[in-house]
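So, here come the structures, one by one.
The same chain A turns up in both complexes below, where it pairs with chain B and then with chain C.
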Partner chain A sequence: MAIQYWRIRDRYYRLIGSRCGACGSEFFPPVYRCKKCGSEDIADREMPRTGKILTHTLLHEPLPGFEALAPFYLAVVKLDNGAKVLTQIVDSPPDAVKSGAKVRAVVRRAKVDGDSGQIFYGYKFVVE
Partner chain B sequence: MYLMQSKERAAILGYGAYVPYYRLPTTEIARVWKGGGSGPNVEKAVAAIDEDTVTMAIEASRYAMKMAGTDKLGAVFVGTESKPYAVKPSSTMVAQALGQHHTLAADLEFACKAGTEAMQIVTGLVGSGMIEAGLAVGMDTAQGRPGDDLEYTAASGGAAYVIGRMSKKALAVIDCSTSFVSDTGDFWRRAHERYPRHLSRFTGEPAYFYHIENSVKTLFEETGHKPSDFKYAVFHQPNPRFPVEVASRLGFTMEQIKTGLLNPLIGNTYSGSSPIGLAAVLDEAQPGDKILVASFGSGAGSDAFCIEVLEGVTGARGVNPTVRSMLERSTKIDYSTYSKFRDKLHK
Partner chain C sequence: MSGQRAYVASVGMTPIGDHWGKSILDLAVDASRGALAGLGGKKVDQVIVGNMFSAVGASQEHLGALVTSALGLRGTPAFKVEAACASGGSAFNTGYRLVKSGAIGSALVVGVEKMRDLEPEEASRALAMAESAEYTQFVGATFAALNGLLARLYMEQENVTRDELSAMPVLDHANAVTAAHAQFRKAITPEVVSRSALISDPLRLFDCAPVGDGAAAALIVNDDALAGAKGGHVEILGGKIATTEFSVYEREDMLDFLATKEAFKGAMAEAGLAPGKLSLAEVHDAFSVVGALSLEAMGYSKRGQGSKDAKAGKYSMDGELPINTFGGLKARGHPVGATGMYQIAEAFLQLAGKAGKNQVEGAQYAATQNIGGVDSTSAVHVFGRAS
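== the complex of A and B ==
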């Protein structure tokens, strides 16, 4: 995982997605061809760090490697540019985690490879 | 001359604080370990299970860069004693997250005063003309051995400063600073050890008070300043009592230190302690106000600064959350949750 992660770390640290030069659509995660107009005129684009929760769930049985975080909120967030992100919601009271809630991106530890391996960082969101 | 003063003055162009969401009441620590009442502080700020010095430094730095209105940093220094990696710089991870690559990046360590060292170094680089602007961060996820006195105060948080050349938008000029150090074994953590050790009462008189009094008195002697020249003073805050005592000894009043005195509510954020105190002061200071900042790091040393607030500070209001708002946005946790968050439990 370490090298794969290293290659795309800007996606996790800075929400680097894509912008279509032909129609202006923006996407996250990045794309090689525009999903709207099919253009291959694609460039990196830093996504807005704010958006709203579209939908969410409270996850009690996460994938292996994330057990220590459970239970946690998993949500689909619609960023201010329309791009959608599947993300964890942190540091937010339960009654604030709801559809339409304004959120902003933060950088957190995503996964830790034991006591001697690497620490992988990524985006999560906080309710404003 | 012991005064450090650059020929071209450097100024704070932006700052950002970070206080984690979680608070552990010290009554919880007392309940588990010693019974009785709370510790010297009411609560301490606790980083979440997925937070560390790097994540908190990134958040504070983003705030600082936003306020400064800059996307180019010639230096990124992270002062901390709680690096996530023993070998692998925290500063490069922070720089990467900020989109900075053509930059000098390094980690600094000096117990609780690495943050102010970072500020001095960036001030020097800017003042010499080597860089336009740089980032200085003081941030820690301080750890105390379970049941130790230190556990009542060891906390998480800090602040970041973008320091650059003087401009109309500059918030405050860093006029000068002094440093005073000696080999003092008041507090230490050997390699591979999880928790630091300390010499209890030895941390006071020959360590904290001796070094801060020397750095501040030297600043006064070299500049001719006196306590009444300063609207605000911020001293390192290992507990609520020491900063009040050293302020009194040096001739400062409670009125001058109360704004930056955060220990009762968040504990000792180590390298972040005096930088976040300064951030709380800048949140309300007015142009023309002078601020004295004196850090302390065990081992031991103190850096004292004379900072003067400029007109630009008023334009920066409302750009970022204030320190006070970060104190209010919080939730209490119990000792069990704290133990899980701070890796005190091992399966």
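== the complex of A and C ==
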């Protein structure tokens, strides 16, 4: 694991993204500058935990460290506040994973580090 | 634009594929020697190496001095330019700007990638480094997965069929049959694509560019340096790099390739060319859907029509605008950091009338479009036959 997980674990657990103080737009992943109005008045904001699938894919050949899960669903989820999240879809019947389906965030084991065996947790989504 | 005129005097390249017996430096030297042959023994002012992941792929960084040292170019300034899969086009743009502005008289640009020393999943991990470590790699998404998401959206929103999506790989393979440097020189049918293994549904193996080793180089010169060169040069008429929102899923409209749109517009404006003037284009179709969206961003196809137009023959060798005249990324191959330089070498061969069996007759103007990430970076160049 090349990145320092502890630095952003709250973002992974609680879906902490950004809110623009000027226009109220919300984003995930967090931003440095509002994509709508350009304001740099940006604060942390917990995202809503529900949304809809915008597009999805069933990945057969994942990155190293994710082989045990394969094949697994990935989706772009548009949250109720308009923010878009790239996420795994888990614990859902295959015919339920489709564009427009309503989904909800859960916390799951995200990754096991190959070298240290350390377990990382993070958001995934399930179809409601 | 002020400054001087800039030309490609000569190019060099290795075939793309499994170069088990060659190191990253061997490949870079092979391609560079081919390009330097056009300099007629004169000294080159600058060496620029385009490469994406030599540290991961070959345990090697510091490619600039490594290459000049091997070529006996002691004293020559050199460095590497990295912009993921757009490393080659970005390196070329750097050389072009230096010559065009009058800062230097000549530059050797070589794009190189050594991918096959890695296990396939390690190569996939190295490619994924072009995307966010914290939010894309962390969820296990590969590059194919991001493009699978894009392909599904494209097919559902724009009513694109499986066979329409397959048109681009079919076109690539048809053009590669007679291309000596291409990785896969075998024609395929749409059924070959639609029956190949699922990689990231709906994308299948034959929607995706392969992994391979390779290097391609070009010598950029001004009028003075050209005087000693051995003829057959091509003029660089325009070039632009543009960037946009990093991750495709963050964009308001995922199907709108804004970086390519801006880079193409800028390069064509600098060249002073109307879009209808191009004789051919080398398009960055790392995935079938990416080729289609690129042609839409460049304005040659209307929204949702890129794959449909390809299926109708618009982009075939005898079509309105021939593209990927040596096989594109799918069949010529995609040694990532070298790909942009292969495109430029191919445009050179076309405009210099040296494309052999792949020659577009009477080719006058050509464009190359080289993407990094899912159009996070796009480097476009426009070339003209020397008058």
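The definition used in the following text is that the second predicted complex is superposed on the first by the 122 of 128 C-alpha atoms of A that agree within 3 Å, B and C clash if a C-alpha of one lies under 4 Å from a C-alpha of the other, contacts with A are read in each partner's own complex, and residues count from 1 in each chain.
Going forward, a contact is a pair of C-beta atoms (placed from the backbone, for glycine too) under 8 Å apart; a residue touches a chain by one contact, two chains touch by 3 or more.
As the structure is a prediction and not an experimental result, all values here were calculated from the model.
Within the superposed three-chain model, A:107 lies in touch with chain B and out of touch with chain C [touch as defined at top].
In the superposed model, C is the one of chain B and chain C that contacts more residues of chain A. Looking at the shared chain after the overlay, A:29 reaches chain C, while chain B stays out of its contact range.
Shared-chain residue A:37: touches no atom of chain B or chain C. In the superposition on chain A, A:99 makes contact with chain C only, not with chain B. Contacts of A:91 after superposition on the shared chain: chain B is touched, whereas chain C is not. Legend: residue contacts after superposition of the two complexes on their common chain; A:56 is shown touching chain C, with no touch to chain B.
In the superposition on chain A, contact is made by A:69 with both chain B and chain C. Comparing the two complexes, residues 69, 110 of chain A contact chain B in one case and chain C in the other. Touching chain C in their complex are the following residues of chain A: 2-3, 8, 11-12, 27, 29, 35, 54-67, 69, 72, 74-76, 84-88, 99, 110-111, 122. Per the touch definition, chain C reaches chain A in the complex via residues 121-122, 124-125, 128, 132-142, 144-145, 148-153, 156, 197-203, 245, 247, 249-250, 252, 254. On the chain A side of its complex with chain B, the touching residues are 9-10, 13-14, 46, 68-69, 90-91, 93, 106-110, 119, 121, 124. On chain B, the positions that touch chain A within their shared complex are 20-22, 48-52, 54-55, 58-59, 84-85, 93, 96-97, 99, 331, 340.
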